[in-house]
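Should a chain be cited, it is by its letter among A, B, C, D and E, assigned in written order, with residues numbered from 1 in that chain.
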């Protein structure tokens, strides 16, 4: 038997460059489960991709509608951008009673959206990250920073929560300036940021979008030489592209001191894609959670499996790392409780979102080094 | 009727109209002649509101009309035709004419939506009138032809036809004759005279065909280099030395004959 | 409508029917909902372009204003925020308007020269700083109140259907301002001006959080139709569905979509009727005359400027209505989603493919192009699957093609667009 | 009779809809002037366009010096030594007067300054305005540019569609004089005229076209003398 | 008071970047303006033509790099440029043959051509992504800087640095040369004049013996060269990403229009107007003022007219203002 799971991400549009890695991550988990042969009496899991475009709520809704009502998917791994995620949740998922787990919609607004218990996310809400970032800066005794953020709900939310936390801790934010992604030139932003000044520049953006452009332009003009990189900005590609200039910059992204992330990276490399890409591990975890919950419920009906997600993700239970989905299925079949750790040390709290454990990193000689966990 | 006083129109450093003063008497058919580039069309464009004068004044029936827009002037009864035909290309000849009358009921959206009976009645009247005009201009077979697809001369006729759709006070005709068959031009001349006599239209006519001017116009004004060169009856102007030198020339026949005699 | 056009509509209808039969009626109806909204937007553009030759590439901005109207009319009021800074913000806006008016008056009344320049700059700069001085603290006050879920002034809490005409009005008001300034520009220059203005509208909506939360989005907007989940819990509905032997989940979502479609259809037909009547009247003839030759129309007593303004406002209002309807359908306002490609150029594609100058053409274009826009994605994927099926598993080319298959969407769209225009260069239903 | 230098023979065709020309024949001998007259909409311009290959003929032929050129494109006919001044849209409005004239000589590789001087001689006003965009000229001046452009080609056949429309009497006389001169150098001239009396005066041959068909064909003088022709087509 | 530092800060954060960005826009706008001027439509596929040309250049650059060939201190991509131009020219000529020619023959209205170019844009968009993917690609090598910020500080002893990149200089130089060449070509050469004649009155151009297909072909080839050069220089300076190139279309059009469509000089000036207005109006004067004013008066606020959030809004507002007073752009463009 085939169980279809929808992967609805922005394959075209502003996030098109990070979505292939995300989809590959999710599909990796599905392949692993199918290959184990232990899923729902040997059923195979078939991914069905659809394009959310990231920006066009109507097109995303229609695509989701098609997957749900025509292709007959049983769960949605997605979507990526908070806007379209909300639209799919309200217009497709809830009406049809299909549960969804988003790997990357981090908007705090989604925490309070009505979801009939059908919506989860493996990415933490941005509020938590602001606090963690403040702690890191305070430990380094950095008291004045400039902030730039990508002008969407992720960037704005993160910048706001960071600013609140940082100022509460006695720090000064000299400027908090938005930047639009994929624009031709960031001289104006860099000019304003440089004029405002600050010991470091916090860049709440994406690795290969405006965030990268800002860093490049800041380095070129000598405006800043140390950068603070939150989750969207941590990626080997950025380090490779920018080169030496990034040495000494630091940041944090979701993760615990589990080996999960490294295992996942190994698996990704073997499968031929970049495991450090933004939200690729979250995507693996989202897909894995969906399938484990189905197995635990013994049903592919969202009504049945959605309530299991929180149990599986959280302690207590046997810890499950990437690559151990087969083992997890066995344990579930034996009735042993499990605690899914996965690639990002998933811990779901409150209304079904990641609790947010963070890995503090620093960039040294072209590699991302983990300093500690918070 | 129209008084032009010290009118200047400069394009950059070039003085196309250079202090022209003239008047057009009520109910006259005034001819305006002059060499190419004398500033006749420019003068028309300034009077009809198409161009803003550099300086000078234009008044109509005692009222200052300098700087009014063409559509305002239209509603005051001032009509003009274009030297280079300005048809509504994608519309049929009939529609071209039916568009002309101002302040039509159906030009207001409210009436178009909610007073369709009254609008339809008005349309029927306009259609009859337009048919009549087309017939008069011998192009009634083109009623449904797109205006972009008629011959050059036919476009000029259509241009003239527009002025016959409404009751104008004064009509400016810019070379209606150029490209029009001479037999037809005679008929047009008759029509102009009739409109003038029966309905009291005032005309101002630019034309290079001296026969036509001679038959219709009194007085005739000759412009050159943006100024008025001569003014008077046709005969006066025709025999004016300056006019002959600048505009009329000594005539082709003489030259040809002279050459033939030489040969 | 003649036989050929009827055939075309029937064919497009068939597309939707086939989608319904082969895939699902839910999908078909969900495409249809947006197709109806798109058709209305296309009508708005057609009114401007087809009737008067106004090249408005600011569709996105007017649609977004329609969306904004939904938040301002239908979302719940935030009394606390109002108390904190509402009147102050209004005062600032009035000051801004006064400044602009004063500047315009100075420019118009005074003779050109240094004095005018100085006074003009003085008015503008003084006004600007005054405006900012009043606005900034009030905005900060409003945005400080409960920023993670509101932080804006909220709406009037009226029924959401009222937001549709409100959207039209808001767009019309904006069109009036734009028209007064930019309508003197010809074709491509007007185009870039409207494009720019649309970007400005979006920039304001993205960055002025007090208005509609900016990029933080407003979600959970009210609906004019029942919620599926409520229907699914309603015993009356369940009985009814059971009586007909329908699955309650499917039945509820189909029913909701049908109600949306019904509402949209009423609006569409009303607008089509009004614009058809207008087009066929002397008013329409006058508009075509103006489009053909402005100079001649002006000389024939038509006030070209005023008519342009009129039609610009009407078309923009129609787009605004459609924008409000779309936001209602989405149930959320997300300023980040407004992209020219989707909200301006796609609508233009609809108009041109349908046949500009023809209302039915615009409607047909709206239906067809929206269907394609949604369906080319699976079609493209299927095409790639077909191409690669013959290739060896794991070959470089195969995996490369599969990775890139999402981009078949734009490619397919482009090819179809070119094909349609190839076989019918003046659009499917050309202007008569 | 020997074959004329240029002949549009029994041409039938139109703009896609109904036929405009119905078996119409127009010809001009080497070094002679042929003039076409007729009421508005008779098909005079259409016949000229047909001869120049800007119209698809359904029947009939165009031959130049005995060679069938019916299938040639307009720009190939230019290369064969034909030049044409259309009735409308006959100048490049955004280019200067001088550039307009240069474009007339586009295919010539020799020195064009001599011809240009001749054109300026003929139309002195153009010399004055040679740096001005042609679109800013008055109606009659534009017409002079158009004729000048065609003269620049140094053609074997010169086709003019109402060259004197809007031109002042003095310039018109000059123009006709010049046309005679041009013809004497062995160039054939085919022109449409509404200033028919002057035109027929200098014409070796005249055609009266009505509704796309030849109504009268004779020498210019003979046509002028025909009272019916005078009354119906030349304005008495 | 420290005028020198103030000046350097202003140069470094405003003048240098805006000049380089302006030149980048100008090169793109030249292509748009040329198509508009000669073929009389707004070519929406221009951004994607740039992307396609750059893709060709990148692939070739990789090939050269693999073969160990380099261009000294200059980027290798410049060596690959002629090859990329040839490829792009072939592609656009092919596109013209398959797509545009049909509509040209039928003399459709420019609005239809605009939509057709939109279709071409979609297709090129897809093809580029097929070939090179959607990721960012950096392909710059050679010496990145002529003057580095740190080097400048060390050499002058000033507190402020000044950085000038190699590609910035190359871009400015190329833009100036390109416009000069184009101007000379269009106004002085026979082919150039025939192109202008064709754009003015197609039928009459035919009657002058001008071969329209040749005019069109030359136009496309020049456009391809401009687009590829612009794309490669931009990519060297920033990085290559298909979506960004698509987004470049908007400022490029704005530049072409503010300068006056169809006018090459206008395109250049337009590019700089747009670039400078984006950078200056939202510039925060705090740093500069701190240097200039005595300490007691040093600003604590940013001293910014508007926040950078509105930089596009500002540049568009300036564009609209220009158009209001000069309805066909700064240099009297055309309008169809």
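Note that a residue touches a chain if its C-beta (ideal position, glycine included) is under 8 Å from a C-beta of that chain, and two chains touch if they have at least 3 such contacts.
Molecules present, by chain and UniProt name: B, D = ABC transporter ATP-binding protein; C, E = Branched-chain amino acid ABC transporter permease.
Nothing here was measured: the structure is a model prediction, and the numbers come from that model.
What are the chains that subunit B and subunit D both touch?
none
Chain by chain, through touching neighbours only, how many steps does the shortest route from subunit B to subunit C take?
Steps on the shortest route: 1.
Would you mind naming the chains that touch subunit A and likewise touch subunit E?
Where subunit A and subunit E share a partner, that partner set is C.
Would you kindly tell me how far, in whole Å, the mean C-alpha position of subunit B lies from that of subunit A?
Averaging C-alpha atoms per chain gives centres 75 Å apart.
List the centre-to-centre spacing of subunit C and subunit E in whole Å, with centres computed as mean CA coordinates.
30
Taking the mean of the CA coordinates per chain, how far is subunit D from subunit E in Å?
That pair's centroid distance is 47 Å.
Enumerate the residues of subunit A that touch no fewer than two other chains.
In subunit A, residues 13, 16, 20, 151, 178 touch at least two other chains, as defined above.
If I count partner chains per residue in subunit D, which residues reach a count of at least 2?
Counting only residues that touch two or more other chains, subunit D contributes none.
Can you list the subunit C residues in contact with two or more other chains?
206-207, 403, 407, 409-410
Name the touching chain pairs, please: which are they?
Chains touch in the following pairs: A-C, A-E, B-C, B-D, C-E, D-E.
Which residues, counting only subunit C, touch subunit E once they are in their complex?
Result: residues 49, 55, 181-182, 184-189, 191-193, 195-197, 199-200, 203-204, 206-207, 340-341, 345, 348-349, 352-353, 356, 400-401, 403-404, 407-415, 417-418, 421-422, 425-426 of subunit C touch subunit E.
Enumerate the contact residues on subunit B facing subunit C in the complex.
48, 50, 69-71, 74-75, 79-80, 82, 86-91, 95-96, 98-100, 102-109, 111-113, 116, 119, 122-123, 162
Give the list of subunit C residues in touch with subunit B in this complex.
Interface residues on subunit C, with respect to subunit B: 274, 277-278, 281-286, 288-289, 291-293, 295-304, 310, 431.
Once bound in the complex, which stretches of subunit D touch subunit E?
On the subunit D side, the touching residues are 52, 54, 73-75, 78-79, 83-84, 86, 89-95, 99, 102-104, 106-107, 149, 153.
Where on subunit E does subunit D make contact in their complex?
Checking each residue of subunit E against subunit D gives 190, 193-194, 196-197, 199-201, 203-212, 334.
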